[in-house]
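As structure tokens, here come the structures.
Two complexes come next, and they have one chain in common, subunit A, joined by subunit B in the first and subunit C in the second.
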Partner chain A sequence: MEVLPQLIIESLLLGGFYSFMAIGFSLIWGVLGILNLAYGSYIILGAYLGLILFRYAGLDPILSIPVSLFAGFLFGVLVQKLIFNRAMKLEPFMVLIMSFGLDVLISNALNLVFKADVRSITVSYGGDSFIVGDVIIAKVKLLVFVLSLLLALLLYLFLSRTWTGRAIRAVALDREGATLVGIDPAKIFLITAGIGTAVSFSSGNLYGILQGFTPFDGGLLTVKVFLISILGGLGRIESALAGGFLLAFIEVISSFYLGEGWKLFVALVVMVAVLIFKPRGLLGSKYYGET
Partner chain B sequence: MRNLLLFLTLLIGFSFSAEVLKLGAAVSFTGKYAKEGDLLKKGYELWKDTVNAKGGIKVGDKTYKVEIIYYDDQSNPNRAAKLVEKLITEDKVKFILGPYGSSQVFAAAGAVEKYDALMVQGGGAASKIYKQGYKKVFGVFNVAPDYGKNLIELATSFKNPAPKTVAIIYEKTIFAEDAAKGALEEAKKKGLKVVLFESYPKGVQDLSSLMIKVKSKKPDIVIGAGHFKDSVLVIKQLKQFKINPKFVGLTVGPPIPSFVKELGKDAEYIFGPVQWSRAFKYKDPLFGSTEGYIKAFKEKYGEEPEYHAAGGTAAAMSLQYALEKAGSLKVEEVRKALLSMKLETFYGIIGFDETGKIVTKKMAVIQIQNGKPRTVYPFQEVKPVYPKPEWK
Partner chain C sequence: MAKLNWLVLGTILLLYALPPLLSGYWERVLSSVFMLTSLTYAQNVLLGYTGYPAFGAIAFFGLGGYTTAVLMIKVGIPFGISLILGGMVSGLVALLIAPPLMRLKSHYFAITTLALQIALAELSANIEITGGAYGINLPIYKGFLGTTIFYYLFLSVLLLSFLTNLFIERSKFGYALKAIREDEVAAESSGVNTVLFKSVSFGIMALITGLVGGVYAYWITYIDPESMFDLLLSVKMFVALLFGGVGTVAGPFIGAFSLELVSELVWSEFIEFHGVVLGAIIVLVILLLPGGILKSRG
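Our next item is the complex of A and B:
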């Protein structure tokens, strides 16, 4: 069996999901200037929400995605209003600590409710795979890939075509300038936090069908979205895509040729290299504002 | 009142005219191992009652009735060590029956060794118990390498078609690595070609890259050594990548009911080792046979024995026959008798190596058939299904 095509397919499938997962993080970071360390736990929270909807409401993950988008949006707006807005008036460092605290809070609360068992959203079509020539494509992975890219596309259209989307980019580019043309940054902050969290929740829903999760997986996911944002740069949706596919490629190749235990190490080495030689990432530009 | 009690005790003592041999055990009756501790005690008690009903243990020209002093170690290793110390120094017990759980056994073993007593245990399976150079600690549970070894033994016993290649994947933890190495050694001994021997980190949730590697090697046998969660993941992803080996064995997982619950039909025909099975068909000097043991256990407790209780009984029995063979209550003599022992019991053939671990006993291997773990080795409760049908 020729393994290279299989490895490339695996990287692509994983990369699509990684890209979408990181968009929310990079959006919040780019527009609000918040490095949200609780982002990984948001994803896990979304995964548990998906699990509840799947188990108790019988909703297929595809159908529950609108629900998790909506729930995520509400959650994000609330957290922004009640917690981060206050902290943002203080030193920037306070926001970081606050988000770290939030991460600890969420993961432990999940642990209290759901215990530390590995859960997964096992859909009926989960175990099946397509065979194309020599390459095997797991149905779930393909599904997650397609949904991820679709949602990323919608987000892209929203940011580039709608008034609110353009306002978000304007605020990212120049807060004062945006205020001068009649945009209320406080409102944009709320909306952006909402959208970012909606992305995290829905990607959590997808994460749950892709693999098993426990309440404490958030930390590793935060590291991953951070890596993707650094690798791709904080500029645009395209940079999240570049970072996501790059990270997936690094992970798949290094775990195949070096062993499963090496992938995070290799990814971090590449991140350091990118930071030294191209500090703004592969496609980095001035946040979500520049086109 | 006191005098009366003393008188009565003396009377009872004289009327039986047999001396009493005191054994001691620190077992968990409370805490997280309370259930297992209770089962272990049931195993000890069944042995005690059976032996006493037959007159007792004959050591040299004296016959002793058995008495066991129990303390509750509260599932705490430190407490287990202290209680064993108390048993030896205050209660003057020379022969200790082990606690439940590897950590408790490990802690107790230190105390036993320090005070020159002797322990036989059926509660701990960790290899580290036997790596301390202890001389007076014996155990009847198979240790980690046996988990892999017995799977390979079974796999290589199949003929049409005989497997030629094996892939071994394992979680990077002490127990799993030991089990994988046991499989590796046995595979080499049996002349199998080892096409893959690779680890993955603890807590991994996706093994795609490793699975691509397994698939490209097309192994006849796949052995997965890990714990419950990654065992489930291995099966899910073998299916996802349409990898169809003739034999899939997992060191941990298949015997546990939630394995079938989690995997449903995909759990079918997976093999896994267990310490002891009710399907064993051995002769036994005390209970007649494995069947006799099960019957005696059911009569006394109204439930079927499983391996915790069986391990307890087997540990106590090995001590009993060592005492009888040694014909002495000297620790050194009993130790020699244990080292040279080769005893067929309901539990399997009991014999120890220099380090005190059991080496003559086979583990049983079960295969999931129709959603139930059924013993297929070394005794066949049902016929094993081989080669494994493709994933559906």
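Our next item is the complex of A and C:
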């Protein structure tokens, strides 16, 4: 049996989710210049929120996406107002350390509430799959893939077609210029932080159906969104897509040919090479003011 | 300022006389305090004097620790020599990778070193000689002085790292580093070989960090990728540095001592909240330090 088609399908399905998951991180980094190491924990927060809604309100994780988008937006705006707004005047490196502190805070708080057991959102259609020729496609993965791309498309339309979306891009491109044409950067920062966090929360819903999670899984997810943003380049939806699919491809291929344990190592080596030789990412252009 | 430095030196020397008065518990607490202080001093050479934040500096802690352990267990070299070799391997690797790595600045440099740290952790979890994810068991030390030897070893690395900082503060070498920190282009054009100097600074940081890792490995007798490449240790080190004062000789001592003592004494009472409190402290130290890193510059 030829295994390559299966590997390619797996990479594509995973890549769709990765891309969507990373958009929020990339957007926050690109527009606000904040490298938020707590982002992975935001995703896990979203997963627990999805779990609670599933358990106690009987809401399918797919149906609770609007709820987590809304909750994420509020959470993002709040954290931005309380913490990051004050920190943005500091050196980027200080904000990096601070966001790690936030990550420690969130993951340990989750651990206090939920304990370290592996939780998962077990939907009724969890085990189903389609068989096309030699290729097996799990229904859940396909569903997550479609939803991820759909949400990414909506976000793309928002950023390119609405006034607010264009204002976000304008601020990212040139803060002073945007201010001159009547855009209030402070407001745009809040909205962007809100949208980015909304993305992380809702991708937590999807993550929860894909696999089990514990309060401390955020760190690895942060590494992944980070890899995606570096591989693809910052801020734009297209870059996140490129990075997401590339990371998924690297992971699937290297775990098949070298072993599961090697996938992160291979991805990191590729990333370090990209950072040193092409620091703006494979698709990155000088789109954002940040250097 | 200078008076404070001599006070720190005096305190370090006094600490050599302390063990007969200490219980086993306090010996351990102080050993871990010395460990964090040495790491903070190592980082001060790089961030404080040269201006490069090696967020993943613990990569060299792990590298030194693993090299020491592998040399002892797999090659059969005595601990003392393994430890020194471990430190040297760390330092040399750092020297070699510094020229391409240090073309990156600020948080790009920070996260690339972080990537290096995670990559080394992944590597040691996957190759055979490091024992994979299971790690390496080291024999329990039973020789001269018993476990008190680790107190002296950590304290000696601390003394070494302190003297290194003192030397940098007062030497021409240190002026060159500070020139790089303030304005790399200007330093280069006034004749400082910036690539060489910043690489050496990176190497010194890695050498000390590697030595600390080596002592730590033998001290806890069991090492695995998770404990040797722990990001939390990196972050504690930076918080200690920021808290105490970046780019000063006394700052790392004050910062690391207060952070680690508070951590040990207060938080060991509230095991469950430890992580939450630590996270909150990191956030607060950054937010409430007026000017932070910038304070010691200019």
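Note that the second predicted complex is superposed on the first by the 285 of 291 C-alpha atoms of A that agree within 3 Å, B and C clash if a C-alpha of one lies under 4 Å from a C-alpha of the other, contacts with A are read in each partner's own complex, and residues count from 1 in each chain.
To be clear about the criterion, a contact is a pair of C-beta atoms (placed from the backbone, for glycine too) under 8 Å apart; a residue touches a chain by one contact, two chains touch by 3 or more.
This is a predicted model, so every value here is computed, not measured.
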Handout entry: Fit-or-clash call for subunit B and subunit C when the two complexes are aligned on subunit A
Key = fit
Practice task
Scan A:I136 for contacts with subunit B and subunit C and give back first, second, both or neither.
Solution key: first
Exercise for the section: Determine, under the contact definition given at the top, whether A:G259 touches first (subunit B), second (subunit C), both, or neither. Expected result: both
Practice task
Applying the touch criterion given at the start, work out whether A:L78 contacts subunit B, subunit C, both or neither, answering first, second, both or neither.
Solution key: neither
Problem - Included angle at subunit A between vectors to subunit C and subunit B, based on C-alpha centres and rounded to the nearest 10 degrees - result: 70
Handout entry: subunit A residues touched by each partner, larger count belonging to subunit B or subunit C
Key = C
Practice task
Could you tell me if A:F213 is touching subunit B, subunit C, both of them or neither one (first, second, both, neither)?
Solution key: first
Practice task
Please work out whether A:L12 is in contact with subunit B alone, subunit C alone, both, or neither, and reply first, second, both or neither.
Solution key: neither
Exercise for the section: Using the touch definition from the top, say if A:V123 reaches subunit B (first), subunit C (second), both or neither. Expected result: neither
Practice task
Please indicate which partner A:V3 is in contact with in the superposed arrangement: first for subunit B, second for subunit C, both, or neither.
Solution key: first
Problem - Partner chain in contact with A:L149 - subunit B first, subunit C second, else both or neither - result: neither
Fill in the blank from the handout: Smallest Cα to Cα distance in angstrom from subunit B to subunit C after superposition equals 6
Handout entry: Doubly contacted residues of subunit A, that is, touched by subunit B and again by subunit C
Key = 259, 261
Fill in the blank from the handout: subunit B contacts subunit A in the complex at 172, 198-201, 204-210, 212-213, 215-216, 218, 229, 232-233, 236, 239-242, 266, 391
Completion exercise
Within their complex, subunit C touches subunit A through residues 53, 55, 100-101, 103-104, 106-108, 110-112, 115-116, 118-119, 122-123, 125-126, 133, 231-232, 235, 238-239, 242, 272-276, 278-283, 285-287, 292-294
Fill in the blank from the handout: Listed in rising order, subunit A residues that touch subunit B in their complex are 1, 3, 6-7, 10, 14, 118, 127, 129, 131, 136, 138, 210-213, 217, 251-252, 255-256, 259-261
Practice task
Please give the residue numbers of subunit A that touch subunit C in the complex, ascending.
Solution key: 35, 83, 86-87, 90-98, 100-109, 111-112, 219, 223, 226, 259, 261-262, 264-265, 268-269, 271-272, 275-276, 279
